[in-house]
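Structures for review follow.
In the two complexes below, chain A is the common chain; its partner is chain B in one and chain C in the other.
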Partner chain A sequence: MLTFGSIIVQALHLALVLAAAPLVVGLIRWLKARMQGRRGASPLQPLRDMLKLLRKRPVLAENASMVSEVAPYVACTASLVALACIPSFSRGMLLAPVGDLILLVGLLALARMALALAGLDVGTGFGGLGAAREMSFAVFAEPALLLCVLTFAILAGTTNLDLIAATFRDGGLGLRVSLALAAVAMLAVAVAENARIPVDNPGTHLEVTMVHEAMLLESSGRHLALWEFQAALKLTLWLALLSAIFVPFGTAPTGAGPLAWVLGLAAWLLKLGALCFALAVFESAIAKMRVFRVPEFLGAALLLALLAAALLFVSTGLA
Partner chain B sequence: MTFGQLPYDVAHLFGGGMLLLSFMLLYQRRVTAVINGLAIQGAILACAAAWQGGMQSAPQLYLTALIAFAAKAVLIPLALRVLIRRLDMDRTVDTAMGVGPSLIAGVALVALAILVVLPITTGARAIAREDLALALSVVLLGMLMMITRRNAILQVAGLMSMENGLILAAVGVAGMPLVVELSTAALVMVVLVVAGVFVFQIRERFDSVDVSLLDPHRGEGR
Partner chain C sequence: MLTGLLLGIGLLALLALVAAGSGWVPGQERRAARAVHGGCLVIGLGFAGVAAAKLGMGLPEVPMALPFGPPWGAAVVALDGLSAWFLLLLGLSGASASLFALGMPPETGRVLVPFPLMLAGMALTLIAADGFTLLLGFEVMSFASWALIAADHAEAENRAAARRYLMFAVLAGACLVPAFGLLAGPAGSLEFSALRASPPEGWRAGAVLALGLAGAGAKAGLVPLHAWLPPAYRAASGPVSALMSGVMYKVALYVLARLLLDLCGPVQPAWWGVPLVVAGAVSALFGALRANMEAEIQPLLACSTIENIGFITLGFGLTLAFRGADLGPLAALAAGASLLHALNHGIFKTLLFLVAGAVRNAAGSQRIDRLGGLIHAMPVTALAALVGIGAAASLPPLAGFASEWLLLEALLAGWRVSDIVFQVVVAAATALVAMAAALAAAAMVRFFGLVFLGRPRSPRGAGAREAPLKERWALLLPAGLVVLLGLFPGLLLALAAPAIRVLAGPATPTPATPTPAPAGLVLVAGEGASTYLPLAVALLLALVLVTLWFLVRRRSTGATQRGPVWNGGFSDPPPFLHFGDPLTQPGAAGFAQPLRQMLGSALLGAREVVMMRPPGDPRPGHFAAHAADPTPGWLLMPLARLRDGIAARAERLRDLTIRGCLSLSFGTLVVLLALLAWLEAR
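Now for the complex of A and B:
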């Protein structure tokens, strides 16, 4: 597996996602601003913000423990490792054999745990509130995601993301009701995981109902830059994951040459751009829901994922 | 792509879409949103019927599709919307059971449908089994909606959704006579009219469309 091509692909993939992450956030903000009739900051603005914050010294609270200092690095690393496993322009990367969906769920959980601990560490009211909410949403979001993974695993016969993408790409499975249900469930989980609009508002620090931002109120300087970068990585991760599973077309196959890579890159950029546009439209069209209704929303996602798996048992004759 | 499977897959997807919309009807908290959901479900039913018509090369199914589209996607939602405007009623959904528990009950009903369909269709093709399970689930979810909603309009919506499930099951089976289809469609329109009159009557007597107000008059709860 340790071929020269796979190493090159992996390196290019890492460079690509590192560059893409801040741009994705910036692009969504810019698109939203245009749709709401504002001029909007340049898509490069999040990158500029992060670079500026990176140069600044973090100011820690007096009673902050080591957790506050370590957590941003843990969360950022976990997200980056997870993103490194998701195929972008080409399959057959160096990390493809370990790119397991269950591992991915675990890495996301690790990042979430670091974030919640950082929110709790200093002991301010808002941080604890945000952490508590984040965890209560995760109670529904994680099982929903795992049930979606179960659906894909039954269909493709593996939990390896690369192989799942290849199986779905071949189209031998055709269209499946279970896949459609799992897609809806995964979209709901993605919206909740990235603190996007019906669940949380990414554009403000000043809401009583905030979740994600509430946990970051105490961080500053370098740490804040890392947290923001982690949020951008997570958003890119979800978009890449959705496009790798549900629209795996155009991705260069294992062992292809540079020409296929360029085509795969164009396809990937197109897919990501389309997803960003869809997200911006969705966020502009819909209002934030009450915090107490979020578990219901995610519970519905969980039930849909359960339904997808149950129907699959029927159609494959396992039951 | 294996195109031999594709026709079945698309038929399936329509069934799955209808099931998804049944869940949406249970999840929604606004009466107008429920009616929109019902209209979309009717439109998907029409698509499913037309697709089956093409697959079974049965031209009468195109007529079924046309009737389904005209009645379920256009006329009935329009009538319900007019009814709401005329009644000037409260636009939020009043439930006898919370939204969360009714969704859980919905999934339990889908599981029940699967459990019931599996033993009686052993030997049939997997596709037919799954289609029948989907249709039965839509019927049961419509029934659940009738049980768990207090508002008379929403009970009508539940009834219509239940009927959508019946038609979905019927178009999936080859060779349903047209007479049956026509009479069912006519029956549903009559049911809608009767239900509309009924809602008006309830409203006139009790100044509300909450059917729980009827209970004492049936000799319950005394």
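Now for the complex of A and C:
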């Protein structure tokens, strides 16, 4: 629907998520620091870091190819397009018909592949290690995610995110065990996809335990800024996705006016803040696990998601 | 139109004769190669043109009886929607492979003779309208491709690969012949119209399903009948493997679809889909996992072919199930997914095998551990490869994603068949397909990242040069096609509508709706379900990419600086290794290590043996990784034991006395006569 309102909502949404992405990362770092008894840097620090990195000249390895230079833009683009389709304060955005969950999985895969290829470009040991692990984790995360999508598709009859959010809010589904199981599975996938503790440690300096950072060891300057921005976009994307599906309350419906938008914005900020707080608590309370325990972690998510779908088959009289 | 196709097939046979003839005239190889591949190129384009005309203009389908054929009737040919769709793929892929072969150093008569014969056999299989002609074409294709695999027969490994291939080809024939026999029933007519009129029932239907799945599956490389596939690809050259992987499996799948979805009629129950869904999902997972373990690029791509064959078979299975449950639009969705994926995979896998051929010609090896850093020496090939791996890893907005989107949408609608067993099977299949897709992405990253990125791993690989002009064109054309196929899948589905109607039933809408967007630009998954707008996604990505680049470069104006690589603290390589020490790079086995440990140990029996010396011992430690596909062991070893047992028993017959020999012959005669009498009495 190409209406004026949808274009405005889309533009506001884009501006909102672009501003929110570095803040989300900064907020989680600040909250974690507080919980661990440190003062912590201001939540604006990631933004300042990125701006500083943009001013610096990038240094590439002698044998780096075009891939190192193009990949950060591609990954950022894919993440941004995916994030642009996820409803934040209002539904009925311009890109709502594009916002399909399978497309979202595809865009995430595009960003992941760009990152892995950039890690392999120079041919260093760490880059290859990180790329191999990143691609291997996805092998367990993607099926779990798609089984969650199956649950949503059964309940809402569609894989379009906007329609799913609308159905879950207005359809009177109530509290469902399946949705709870799917929520746990999706949280696990989100943690793995964003390279957070316990799968990976975003703040580590011990190379052997790194996955995500290991691929970025050779990037610098604006390339590093773009990679950090991409990580922030991806984290925001997952938080926005979780809140759009599981807590769709307060979001302004399609075609609503500015007052509903303000309410929706407040609700969205509240939801994102709560999710950031939960993530900070979780990360502070748990230790990083061994790399080869990750398949068990994600395998449990996969089983939970399968259980969610199977429960629906049995309970709702679909059979 | 059919006359033209038959003429093309005749010309291909003639080309084979010419190639065979030129073998006696020394010094004519170059000219013969040019004639054969040029002819194949023109005929391939002709096939594609005829097929597109048939699909686009909806020309009427009139079966044509040939003036010759088997003793009991004429051979019949026809071109319906399904045939035309696969003929389009055959034409496009055959033309690209021939163009690439034109640019390569000329091949010997051992390749030149069977190459056009294989094309002719495949075309004959596709346009056949009776069982005999179909099997004739199928067997011509099988034996011609056997000759192609055996072409480089000086190496014992290739001979073994060809022998194993032949064994599976014979198995395929041995299953398909009785399948058509059972289908024909007592009436005995093998014409497709007659077969459709009397669909099999009861045990005969089950037997046709089992035999058809085994026969076509053995040829298409469905797990567990895939043991011949990776070694065969180690032996074949670039264009040959492109043709085999791009088209030959698709022809086998065409036979599967024709046999089970068309000739068995629309009356079969919904559970018919379950064996196909299971075989497809398992093949997808196994193929994709094996692709991550292979150490050479052609077997790696071949294993990824197993995965894609699995996806297509899965789509056919879903079509059968939805059709049996009276869910017409969903059946059309699944059929559209399968057909689109067959075409997409045919094109992008042709492209990738041609890339492998170019790499082999330029760098002299197909072992990943001897390649590396080729993007600097071969930028055009690398670009084509990048498009190919993007499509193979099903990244939006390239070709592979559109068809996988349709397939996943069909899978996610599988719960609408109200049978809890099927629902659970489909939910498991969804997980397996997603896992296979992620594994394929990992395999493609491994392929591109280790072969084209990084540093060279051997002096021969470091001396690689860009492919010659004709080869480059043969790479760029399919690469462009992959992009186009990805951007306009809706138009393709509209083109495939006649084929979808053959598979899903006559009165089903196609998954591409003309409204409200401009015709054919949108993929729609059923009523009220989601949509995929590839062109919009592509434009959006391009727009954001350009804007982002513009904004970043406006703020960050510094030029890029080059410096030595840090490489995690490794010392500088010795001076004789001017491209760096290859051992400090991730290798083929190293990149596969996480997956080998996470999945390989359970599914492929992967083992790692680490031998660490005690502290103070200066000798080097050892690490060995090993992964083997267990299915050949399960499947082939009992057969081999059975063969040996029978042979040992038959050996004993030689020691019989003359009286024993006579009574054996007499007894056999009596038994056969009794059998005849019993059959007559029924």
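In this section, the second predicted complex is superposed on the first by the 313 of 319 C-alpha atoms of A that agree within 3 Å, B and C clash if a C-alpha of one lies under 4 Å from a C-alpha of the other, contacts with A are read in each partner's own complex, and residues count from 1 in each chain.
Note that a residue touches a chain if its C-beta (ideal position, glycine included) is under 8 Å from a C-beta of that chain, and two chains touch if they have at least 3 such contacts.
From a predicted model like this one, the values you see are computed outputs, not experimental measurements.
Residue contacts after overlaying the shared chain place A:L269 against neither chain B nor chain C.
In the superposed model, A:M35 makes contact with neither chain B nor chain C. In the overlay built on the shared chain, the residue A:L107 is in contact with chain C alone; chain B does not reach it.
After overlaying the two complexes on the shared chain, residue contacts for A:T77 are found with chain C alone; chain B is out of touch.
Contacts of A:A310 after superposition on the shared chain: both chain B and chain C are touched.
In the overlay built on the shared chain, the residue A:I8 is in contact with neither chain B nor chain C. Contacts of A:E69 after superposition: chain C is touched, whereas chain B is not reached. Taken together, the two complexes place residues 295, 306, 310, 313-314, 319 of chain A in contact with chain B and also with chain C. Per the touch definition, chain A reaches chain C in the complex via residues 54-67, 69, 73-74, 76-78, 80-81, 84, 95, 97-98, 100-103, 105-107, 109-110, 112-113, 116-117, 120-129, 131-133, 135-136, 138-147, 149-150, 153-154, 157-160, 163, 207, 217-218, 221-222, 225-226, 291-292, 295, 302, 305-306, 309-310, 312-314, 318-319. Residues of chain C that touch chain A in their complex: 372-373, 375-376, 390, 393-396, 401, 405, 408-409, 411-413, 415, 418-420, 423-424, 427-428, 430-435, 437-439, 441-442, 444-446, 448-450, 453-455, 525, 528-533, 536-537, 540-541, 544-545, 548-549, 552, 555-556, 558-568, 570, 580, 584-586, 590-595, 597-599.
Contact residues on chain B toward chain A in their complex (touch as defined above): 1-2, 5-6, 8-10, 12-13, 15-17, 19-20, 23, 27, 99-100, 103-104, 106-107, 110-111, 114, 117-118, 126-127, 129-130, 133-134. Of all the residues in chain A, the ones that touch chain B in their complex are 171-172, 174-178, 180-181, 184, 295-296, 299-300, 303-304, 306-307, 310-311, 313-317, 319.
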